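Below you'll find a set of structures to go through.
In what follows, subunit A forms one complex with subunit B and a second complex with subunit C.
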Partner chain A sequence: MSVENTQPQVGDDTQQKQVTLKIWRGDASGGKFVDYTLDYLDGEVVLDAVHRVQSEQAPDLGVRWNCKAGKCGSCSSEINGKPSLMCMTRMSTLDLEEPITVSPMRTFPIIKDLVTDVSFNFEVAKKIPALQPKPREKDGTYRMSQIDIDRGQEFRKCIECFLCQNVCHVIRDHEENKPNFAGPRFLMRIAELEMHPLDTLDRRRYAFDVMGVGYCNITKCCTEVCPEHIHITDNAIIPLKERVVDVRFDPVAWLGRTILRRPKPTSSEEVIKLTPAGRSANTPS
Partner chain B sequence: MDTIETHNFDVLIIGAGGAGLRAAVEAHALGAKTAIVCKSLLGKAHTVMAEGGVAAALGNVWPEDNWKVHFRDTMRGGKMLNNWRMAQLHAQEAPDRVMELEDWGALFDRTPDGRILQRDFGGHRYARLAHVGDRTGLELLRTLQHRSVDQNVEVFMECKIFRLLQDENGNVNGALGLWRENGKFVAFGAKSVVICSGGVGKIWKITSNSWESTADGQALALWAGADLIDMEFVQFHPTGMVWPPSARGLLVTEGVRGDGGVLKNKEGERFMFNYIPPFYAKETADTTEEGDQWYENKKDFRRPPELLPRDEVARAINSEIKAGRGSPHGGVYLDICSRRSPEDIKRRLPSMYHQFKELADVDITKEPMEIGPTCHYIMGGIKVDADTAATSVPGLFAAGEAAGGMHGSNRLGGNSLSDLLVFGKRAGEYAARYAMEQAKEPQINMSLVSDHTKKALSTFERENGITPYQLHHELQDTMQPLVGIIRTESELLEAKEKLAVLKEKLQQVAVEGNRQFNPGWHMALDLESMFDVAMCTTASAVERKESRGGHTRNDYPQSDPEYFGKINMVTSRGDDGNINLRQEPLPEMPGELKVLFEEGK
Partner chain C sequence: MTTLNAEPDTPVPVGIEKNRVRGGPPRSEILRRDKWWAQPLAIFSGLLAFIVYATWAALRNGHFYAGNVGRDYLSPFYSPCLTNSCTSNGYVWGGWTWWRLSPAIPILIFPLSFRLSCYYYRKSYYRSFWLSPPSCAVPDAGSTKAKSPRNKYSGETKFPLIFQNIHRYTWYFAVIFAGILTFDAVAAFRFHNGIGMGLGTLIFVVNALLIWAYTLGCHSCRHLCGGGLRTFSSANSRHFIWKNFVSKLNEHHQLFAWLSLFWIAFADFYTWLVATGAIHDPRFF
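Here is the complex of A and B:
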């Protein structure tokens, strides 16, 4: 029995509602938006609708997804121009009278359809100096207070959807900045390591010289799009900027304040040993 | 044929979930030239979906806990069908595997004195699960990801491996894959290969698993001549979302129950008290009063039945729904809102709060969740040697969900993350050792490569065939009702016949478009794996004429300790391509471990 021909049941006062998705189709050589009209189903998210298009109308439609629960960060795209996870955007929250546009993230090169080349992020990740933990306690454990790791845990909620990277205007419209700017996700990673209670390495100069924390002018676009609601700007980048200012511009004040703060048992000499490649092999043991 | 891209490594690891990354870290540390190849981007593997925690007898919350108690819980949870040696190694080594994650940056929730906090979970005698709120899997995966990247392990992303390569003696010496991005083929030569490709959930319709869980690793091993074991044991997690339809099957962590959540039917009754099996009666509370007191005082009170092992809870929920006492969308209620304060819920279960709020518009601090069983995990898998993770095929190793034996007929929550750490490390270690013993470099058999690539492209040449999505739906529509939670001989035989017919349709699958990032084509290749593995599960399920753990037979409702309790079902592929099944005696536990069960403690 064909579903389209089913009469609405008694009590229904509407015909089967239809929605139109305008999905960007194409590859590196170019492309265009293509309209797909389908039945509106209650409770669906945009990814479901895209999957139905794929399963019924366009089997070769390229789209990344994995967990479908907002936990893996694979299905990042721009929905009606807003950087979002397709799996966490309910259709019912959108204006269904108008076509819904679904386009790939703009900051990264297109591979095909909604799939972009996000290798930039994986390259930046390789440059981050690894955790250098202090020795364990005599009983073989590490002791950390919950309050000292709350902030780090907030940052570690990051699902690496790269929406913050996508929306950050330092790189969104400025390809030339990419070699010098790590983007919010990785500035946050540096901040996480900086605040890690076990870490013994000082990454402040590195954050400025290599990761380009100075480029950020705290417009908070990254925070706005973060599906995990991490306070990227307020809790990670601004504190990182403050720490960097300490080490870069005012060594005397830095020294004084460091003595009053929780000590970071590293000297600036060790910091400078870090090469731009920043691999753990180059760091003091 | 075109020239094909090739790479050579000592150790090639298929899969970048927890097991694969842990194996890679180990193999690399031993000096083997190591690479990981994964179907998705790095850091997206299904391990991120693990919520509640990683089980390890650290004894941080209950000093009474130790590996022997963990071992006993694991064996009892698996209804004694576990490979005892795997369960022993797992319980003994899990604490070290968890602790070393802290060296690499993991931030577990803390006890007041600053050690790793542990939480309660079903089937574990003591609070044993190290955790990070309800996103432990993400923490574990990210930690191992950072460690691999820091160590310069080579990672090939978005590459699907669809055949293992073997030399003239049948030894595995590489793998053949395709880049999802451009559809081109790539051959990896490797002295040893480790399969860490996870599960099989996409064979069923209602599942917590992502698109990646298409039984690839199990099938690769099967096709290379390895044995699969216990494939009838599939875990249906008791608590998956049931509404909205698109979220159906999505996991709701057992941590909800560990933290005080209770199951109710539409009449508001805490029905689990009606389903306490004799096997667990001694250690389970039989009144709500006693169960509620257990959360605060574990010494004097017994645990509530909501925290029975998963197979028991899933069956109970299934029975309530069948008896007409279910919720409006065909589930039952999981209630935490009447049990804990909103602040507590948000702090301890943040991603559950988030998931229900955003996907179902349900505020779990104010209303109960609607949940029902969802296909979650396969206890069965590639048959491996307990100590070395070696399969029966030289050069081939397996760990994590892809491997079988460790969990017996039912896995306890929290034991999968510890499993993949313990056996990921072992697989990496022994694969590296094996590789270093091999004198000559792997020679890729180009004619084999040519045959397989030609076959992989055949779906593009067909016209007017069926789409891979259609056939996938037909597979799921067969397995869900006929080889689901509750099974019976006639339905299993019907499934067997249907699978044979559907498998023929693989020859009619036609793929549209070109080779560039074409999900339809990838699905067509995934289907080959899913069909053969579905057949292994079905064949084993027919043969096991008893109920045990993740295998419940309506026609044989009791377990049979005398016969089937001492038997493993082993499936393999015959020369004719058909699935063969044989029964093998369960390895017998040594006396010093048997004692742990006789004491009744």
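Here is the complex of A and C:
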């Protein structure tokens, strides 16, 4: 007499695999994780599964998304505690035997469910003076050599998902630093401008005094979570720190500038005048 | 510290408001499922093992030169040899008869300061010893407790960590020491009856190569050799060195940091074994 095996077999299509998503639900008044169980579908990313929860079980679920292609940076969240893009995290890469936690970015104020208020980043962006280009060539154009813009082009891959801002412990774990620390994305922006062949503004003192590059202790979490694989720490922040050393902490460099009568580094106050806030403050009313 | 928010007429932007309710569960709740603690634990163990060994090696003050058994092997912990124990065997350095402590102590200050302020090691010990943060998206030690002294974070903006900015000066000395260790590697080919090569010679040659690979891949070196320029098109040779040599080594800075650290200890241990007669150094030719 044979006993039938009732356990689901590998490749057995009759047994639909189930997955559980633990999604953070709530707003500024409070929140909790809520379990949603749904069928596992091959080839899905976490955002697909969250959308199915939204369409089938929780139509009021708040989730920000746009391109579903890792290019708009809207669907940043924390999947199993790791800052990630929902649209770039395949379900098949996760342990489906355990519930998958999906929570909002923990550095920014919550709006609803998975949606956070990332306006901190836009306020910081306003503190960075735009490109101050040198005069045009005689034929009215600007010219740049490729080797001069190679470094900056890596930084232009940034999709502003703000995962690096979210994971940076300087503001994630010490919120009091928010007014004094720009975060990796914007330190990278300053580094990009400092390496720009057409730019004429010296932002090195400003990077330390106002944007707080000294707060970074280069633990490289920004680089680890970047979905564009930009070497934020090695290619942007550390080079920026070294440039700051040139103007703040290196007496030999100071002596060299003095003897060779090189221009003095631009003060932070002068740079502030070129920011949008600084310009409006200096406009006569 | 100057901040835009300190401007009297500039309202505090909404995004930089502190203490708004943030997304997700409390930060004290670690949501990461992977073995996030494994890397800091491994680094902690590795660095601690080196500290223990280096302390013993630096304080033993004996059997650091294998001239007594006909080998010109000098432990890198004691190089350059400052005492008469080497000069009596024909070594070119030496003569510090007035020095009463272990000669390793004044020597090790230089490589120690180089490694302590190295951008890679900073990441390592900030994560594994200071737990700031222990891993990405894991809270800084003490940062979730309101009354913890670790609740404040100023990064590298204040004493003593602001001294990390002297890294380039420690690099200058590191280059000198790399030169000295290269001399030691060449000297290791010298035997009492002419030129030869033993297993120790090979160890010292590898030691010198690893030290150079680590020293020339340094982020400060990368800045000084060309990374600090705004444009490369007017400095082709510096760009060539920066791109094809220093940046290539810099990509593997972590690897060379560990290999060179291990190999220094190994070279010292081998010298000790040979000098004490515990093993016989095989000679290839």
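As a convention for this text, the second predicted complex is superposed on the first by the 237 of 285 C-alpha atoms of A that agree within 3 Å, B and C clash if a C-alpha of one lies under 4 Å from a C-alpha of the other, contacts with A are read in each partner's own complex, and residues count from 1 in each chain.
The rule we apply is simple: a residue touches a chain if its C-beta (ideal position, glycine included) is under 8 Å from a C-beta of that chain, and two chains touch if they have at least 3 such contacts.
Nothing here was measured: the structure is a model prediction, and the numbers come from that model.
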{"item": "Touching partner for A:Pro239 - first (subunit B), second (subunit C), both, neither", "value": "second"}
{"item": "Comparison of subunit B and subunit C by subunit A residues contacted", "value": "C"}
{"item": "Touching partner for A:Asp95 - first (subunit B), second (subunit C), both, neither", "value": "second"}
{"item": "Which of subunit B and subunit C A:Ser145 touches, first, second, both or neither", "value": "both"}
{"item": "Contacts of A:Asp48 with subunit B and subunit C, given as first, second, both or neither", "value": "first"}
{"item": "Touching partner for A:Lys157 - first (subunit B), second (subunit C), both, neither", "value": "first"}
{"item": "Partner chain(s) touched by A:Lys220 [first = subunit B, second = subunit C, both, neither]", "value": "second"}
{"item": "Partner chain(s) touched by A:Phe122 [first = subunit B, second = subunit C, both, neither]", "value": "both"}
{"item": "On subunit A, the residue positions that both subunit B and subunit C contact, one per complex", "value": "27, 118, 122, 126, 145, 196"}
{"item": "Residues of subunit B touching subunit A in the complex", "value": "40-46, 48-49, 99, 102-105, 107, 109-110, 113-116, 132-133, 135, 138-139, 142, 146-147, 149-152, 157, 181, 210-212, 243-247, 250-251, 351, 354-355, 358-361, 467-469, 511-514, 516-521"}
{"item": "In the complex with subunit A, residue positions of subunit C that touch it", "value": "1-5, 7, 9-10, 12-25, 27, 30-34, 119, 122-123, 126-127, 132-133, 136-137, 139-140, 143-144, 151-157, 161-162, 165-168, 219-220, 222-223, 227-228, 230-233, 239, 250-251"}
{"item": "Of subunit A, residues touching subunit C in the complex", "value": "24, 27-29, 31, 33, 78, 80-83, 95, 98, 101, 103-110, 114, 116-124, 126-127, 145, 147-148, 167, 169-170, 172-180, 194-197, 199, 209-210, 212, 214-221, 224-225, 234, 238-239, 241-246, 248-250, 268-269, 272, 275, 277-278, 281"}
{"item": "Residue numbers on subunit A that touch subunit B, as the complex places them", "value": "27, 41-45, 47-48, 54-55, 59-74, 88, 90, 111-113, 115, 118, 122, 125-126, 130-131, 133, 140-146, 149, 152-153, 156-160, 193, 196, 198, 279-280"}
